[in-house]
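The next block holds one structure in the form of structure tokens; read it before the comments.
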Amino acid sequence: MSNGQIWETRPLEFWNKAKELRAGWQKSIESKEKVVGQGNTFDLSFDWQAAFPALTIIEDNPVGAMMQNKNEPYARKARLASEIRGWGREICGYQGNCWGGQFLGYIEDGTPWPRRKFVVPMPCVCDQHAKRGQQARDFENMPQWMSDRLMYFGDYDAEREVPMMEHKVYCNFRQVNDIERIFGQRFDEEECIKLMEAGKETREYSKEIAYIMARTIPTPISVKDMYSVYTIGGLTKVDPAATVAFWKMVRDEIKWRADNQIAAVGNERFRWIEAHPPSWHYMKYYRYMEDYGAVCMGSQYSNGGANNYFMLPDGTFELRTDNTYPDDMPLETREDVLRKGAGIHARPTGGFKTDEYVYRDKIVQFAKFNQADGALLAIWRHGVGCTLTRKEQAMYLRDAGLSVMHYEGSQPGDRTDLDEKRLLDQLDTWMQSLGLRKSQK
Amino acid sequence: MVQKFGKWPESCWTSDKIDWKAAKAITAGVDLGTGSAQCAIFCDGELFGWSNLRVGASFKQIAEEVIIHAVGNSGLTADKIGVIGATGFARDNAAYATKKLDEVHCHAKGARYMYGPSVTTVVDLGGQTMKAIRLYEWDRVRDIAINDKCATGQGRNIEQMCELLQVPITEIGEKSLDVKGDPEPVSTTCYNFARTETMGQFRPEFRAEPLTENEVYATHMLAVAWRMLGAIGKMQPLDPGEIMVYEDLGFTGGLAKNPGITKRIEKELRVTALTSEYDPMLAGAIGAALLA
Amino acid sequence: MDFKALVENRHEYAKAWKAKTGGKVLGWFEPYFPEEVAYAAGVLPVRVLAKHEPDDVSDKWIYASCYPVRDMVNQFLKGRYDYMDGLVNVEGCQWMYNAFEVAVNNKRKPDLFDHYFFLPDHTDAPTSKHVTRSELNVFKGKMEEWTGKKITDADLDKAIEVYNKNRLLLKQISELRRMEKPVIHGAEMMNIVLADQVMDKAEMNEILEKFIPELEAREPGKDRIRLMLIGSETFDTELEELVEALGGDVVVDELDNGTGYYWNNIIPQKDRLMAIGLKYLGRPKNPIKDNNWRRRPQHIFELAEDYNVDGALVVKQIYCHLHGTDNYAVWKILRERYIPYHFFERDMLLPVEDTTLRLESFMNMLKPGINHLAGWHKVFGED
Amino acid sequence: MATKQLWETRPLEFWNKAKELRAGWQKSIESVENVVGQGNCMWASAFPAVTVIEDNPVGAMMQNKNEPYARKARLASEIRGWGREICGYQGNCWGGQFLGYIEDGTPWPRRRMVVPMPCVCDQHAKRGQQARDFENMPQWMADMVIYPGPFDEERNEALLEHKIYCSLRPINDVERIFGQRFSEDRMKEIMEGNKLVREYAKEITYLMAQTIPSPLSVKDLYSVYTIGGLTKVDPEATVAFWKMVRDEVKWRADNHIAAVGNERFRWIEAHPPSWHYMKYYRYMEEYGAICLGSQYAHMMGGAPEFKPDGSIGVRENSQYPDGTEMSTREDIIRVSQGKEARSLNAFKIDEYIRRDAIVEFAKIMQADGALLAIWRHGVGCTLTRKEQGMYLKEAGVNVMHYEGSQPGDRTDLDEKRLLDQLDTWMQGLGFRRQVN
């Protein structure tokens, strides 16, 4: 091991498989046979879009993020195309990038922008998600469906849940019926049941990964590895069976690394969490921190599985059960199948951005769960859903003994107002004030 | 016996290979139209027998006869048929029917049986109504357009024209195609007015060349075909940007046997219709049997 | 309450009203007629309805035109409307104008009052409201001259209040049809609106105020296919009854004399006539008044969405050229918003076999794609 | 002269000029520099490059020239919802728009705005909508103001303001949207030219009415009557052309040059036949029956009427005196519209204000008979034909009806049956055809 390195490190095997799956997703967007729609059918904790023979649904998050990550000049041109049409500095970067491409009419390699044919909702507390589908339909006429991310404060309220649940089921039921009617593709209920099983299995693996990552020192993987995995099967749609196999492979490799003390960062001395990725073109700041031995454990955004763990008064962590019906539930009609997918609770049990409404201090539990020493909370100028409570969360984390730092920027899909050099200076000040020094290589 | 020009010959067939006594499920479909009535009988999903008769004076009587002719001398009787679906204008006269079905879905299902699963546009050219149906790849109707209220320009009209012009209904179609170019269609398809206008076309009057007999038939066939295009076209997307694809087109009903009409519709829709060995008039009855 | 009977005995009702009050009855043709001014003069405004019977007498005067217009003239010439003391028509459909003019030219009473009210087809210009106010003023003068009674602001206020209340009650009933399994179906609702157009509004308000609680106490009906009716004016409820017999329900209509008749109310202001004028200029547009940037297609879509319809019936009287010309825009909005629809033409006579074939096929076509939830209890047997 | 021909006949010299002007109009529609608008208004020529076309002449020419193309266009309209109740002109012209090409296959000249053509006929009121329903473009609307009875000062005030606004608004908006400067002076020239054209047309109508034999028949008038009105050509050329026609007609009247050599029966019509079947005039001429046209054909001159002193004139609205000072654009429009909101000369207005005016028209034209077509659709053209037939019969004019769809649509017009009817009518009055 190189000098100053405490644990053994090793390249990740699942890395190539992840790249291959993402490439498959990119091709599916440009495919001609498939009917491409904007949105994400993740509202029912599984992906019913795959139950249609030739349908692909894309949310503009991954599209906008990849544009920013891969081709900043094209992303900047796209954002200008959005700005001159009235989307100024207040619009989420992903939205500005993706739909800027639509206004330009071509993607980065010059080929025509793949037009969307319909819009399904991606229910999310973030307003930009709620409004995003409108843009495709304002640009040209296409069918659009809407639904809601159901929200109320406090504990589970059975009375408020009943009409909310009917609303949730109706919105999905209507999308499936109308897509079948309008695009002439038959919805396959059997396939849909298989998808539910696959969705459940994938979620189990992601919970295990989150647990291993959080509770093992040194952590077997860091957030930058998680980022090449975390959307597969969710925002980035790939073949369901491949999704389950991939997540199993990732869980196995991480478990093996944890058992054999293979570390993501050789001289891990400081574990820190974040609220949100940096601007996607500037992932290298993780490596800069790793020079100090500071490994990033990720965020409630990247480690979805961790959100199911809740801290008990004695400091231990309890895994809350899933929001599903019994397995032997009768499934005679399409409505039954979708009702089972919708789960028992209309309101989501918790997780990224939902906590801003329901458990405003959940980030402390996330930090404790990940045995973090510090937190780096980006405060974005726009992207309302990603910035809502960062300052408040910082106060809760400091009360819990963590060292917290903020840095300013626009939003992960937009590099405007992010002074990269100044960010590195801030990181130096932060680390050195905690007594850490960069290891000389 | 006075020769009937405007009548399609009646026909029926019963399979001698299938033993209906061994069949687990016998279903029948009856299509009681305004001009003709059909029946189709299936044993375990296989076509056992069919009949295609003219509707005489009484619908009740034809409802009975159409089954008798379909079973032939196989000994099968109406009460032994488990399920009978009735459709068509006079479906209420089939007292024995266990289920009443609408014509559109019956003709669609029948066309799928006759022309195969690829058919997506079915045009039923009936005696009094004309139905244009668009289907999904699976058995579900996507869009329908039905001719205007009155029965002008339908099968009944052609039958009357054949009586008037003393030409058999089986030949008027071919003859109407045997012309150099289609002259302008007769200006109306309402039979009462078309009669005088058609007669007028034989007269050499005031700067108008008299038409040959075939050309007179052509003027009438084109007028009727043009009227049907008005209904079929209503299923077309509103703006020319998306011209609807008509490739898999199947004709059913009596006028499907009249090339003078079908060829002219195909020419205008730039498509060639699918063919089948079954008599297109049976589509309604076959569909009713399969859907019952 | 049998509203259909009220519509059918409208002649007897009007005669009884005349006997009881000694007032005059004023027949109107086009639905843009501002009845409030006539009501303020103590006159009973009554809509001239058509019914289907051979138009043997009117054929001499009118060629072509839609059938209701021919039948209105036929009934007028046969004396069915002798109890009407006056006729008024508003600028609108020309066939309707012709019915009014032929009736006036064949006065069955020497002193038959007639007036032609010019409400601009171009309803959206800033000057349109001044034209309407001026015409209202002229009409008010004519009413005063005809009835010999001065129309004061108080009379106008009272009339506005009665009519606003009437429209609100009708809308109250119509809102009940937005619920799943509504307690009132299309035929009964249309009969209520037709009765409303041929009766004294004050009397009708009392009836409706008694009727609404009864309605709200009713058990919800069966789960039916929810249809919307778009197209020419109707004079009877044969079509709605046939739809209900086949398992559907006309939950909302965009008819000129249906929802269009009671959709918006007069917002009182100091200048009463301007208030009345703005109401009629602002009501849902009928085809001749829907120009420039087209408000009718958008209104159709909003009704379809509010009442959660599964499909639309676009039904037009044969030879109704206004709704004929609007077909393009109506079909365009229905196709753009992916609302399935079936178009057909009708006459006053509704052939049952032919229409059943259409409606049954259309409803069977809709059934596989219906977005009606069976609901929680059906799936799990719990309540 | 053919045997038994009573008067000398001579081909018309203005015929070629008329064809040339019509061809110029056709080219102006297809020109790319022009902003082509649907509708009809006097002020269009005061813009440097604006052409307005009402679909009447387009639909009529399609029916007259190329029936298979017109039939295909009407089918394209029918499948989009315009059935048998829609005026033939509208079905033809906008059917061409749906098809996307005109009869020779070249792309259909797209309209880019809609200006109003105020007319009592509902189809005119709704016609502009179609262009804007098909694709987005600016559209302006106006009303044909009507109220029965004599001139009503009180009603006229608000109606006149409405009429002025609806004329002024499109001019201002066209200038703003299409960036073409409206020339007030040019507008004044057009108004002058228009007055002259109306004078000439009025004289032509008078000469046709009051001269036996008539120097001109309606089929000649039909190649002239829309020039400068529905068929917009250069204003100066319009005035010169109408003067030329007036002069030739006056010379023919003075020298007893007849349109129909053996004129023995003068008849009027309410409306042209289906435009593909103009030959029925010649068929009647073989009986010596000359058609003097209809209020529609004579619309350029205005509606003729007997003045109180018995002389023949044209219905007049009270106008501003000549030489009224017109400094602003609004002044010009006010003067052009006159002082009366309701225009007595508007075509088809008789159906509202003087349903028996056709009797006066027949007397002025010294007509012996009237052939009133009753159309199945085209509401404005058919509204009162049967009633007018009754009034004419009471006035001693011999009336006959024949059925059809509308001049732009030959559906339901049985040509042979029409000729049989004409034979019965003429032979019933004792005339025999002289087939030379």
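Annotations for the structure displayed:
Note that the chains take the letters A, B, C and D in the order they are written out, and that residue 1 is the start of every chain.
In the analysis below, contacts are C-beta pairs under 8 Å (C-beta built on N, C-alpha and C of every residue); 3 or more make two chains touch, one makes a residue touch a chain.
In this text, all values refer to a predicted model and were calculated from it rather than measured experimentally.
Take chain C out of the picture and the remaining chains remain, by touching, one piece. With centres computed from CA atoms alone, C is the chain lying nearest the middle of all the protein shown. The pair of chains sharing the greatest count of C-beta contacts is C-D. Farthest chain from chain C (centres taken as the mean of C-alpha atoms): A.
Remark: chain B and chain D have CA centroids separated by 47 Å (rounded to whole angstrom). Per-chain Cα centroids separate chain C from chain D by 36 Å. Computed from the mean C-alpha positions, the centre of chain A lies at a distance of 70 Å from the centre of chain D.
Rounded to whole angstrom units, the spacing between the C-alpha centres of chain A and chain C is 54.
With touch defined as above, residues shared between interfaces to two or more other chains in chain B number as follows: 142, 148, 234, 238-239. Multi-chain contact residues of chain C (touching two or more other chains) are listed as 318, 328, 331-332, 340, 343, 345, 368. Shared interface positions of chain D, i.e. residues touching 2 or more other chains, are given as 80-81, 83-84, 134. Working note: touching chain pairs come out as A-B, A-C, B-C, B-D, C-D. Put simply, chain D touches chain C in their complex at residues 80-87, 90, 116, 120-123, 125-126, 128-130, 132-134, 139-143, 145-148, 152, 154-155, 157-159, 161-162, 165-166, 169, 351-352, 355, 374-377, 379-380, 382-387, 390, 401, 403. Residues 318, 328, 331-332, 335, 340, 342-347, 351, 353-354, 357-358, 360-362, 364-365, 368 of chain C touch chain B in their complex.
Here chain A touches chain B in the complex through residues 181, 184, 186, going by the rule given at the top. Across the interface of their complex, chain C is touched by residues 141, 143, 162, 165-166, 169-170, 173-174, 177-178, 180-182, 329-330, 333, 335-336, 339 of chain A. Note for the complex: chain C touches chain A at residues 336, 338, 340, 368-371, 373-376, 379-380.
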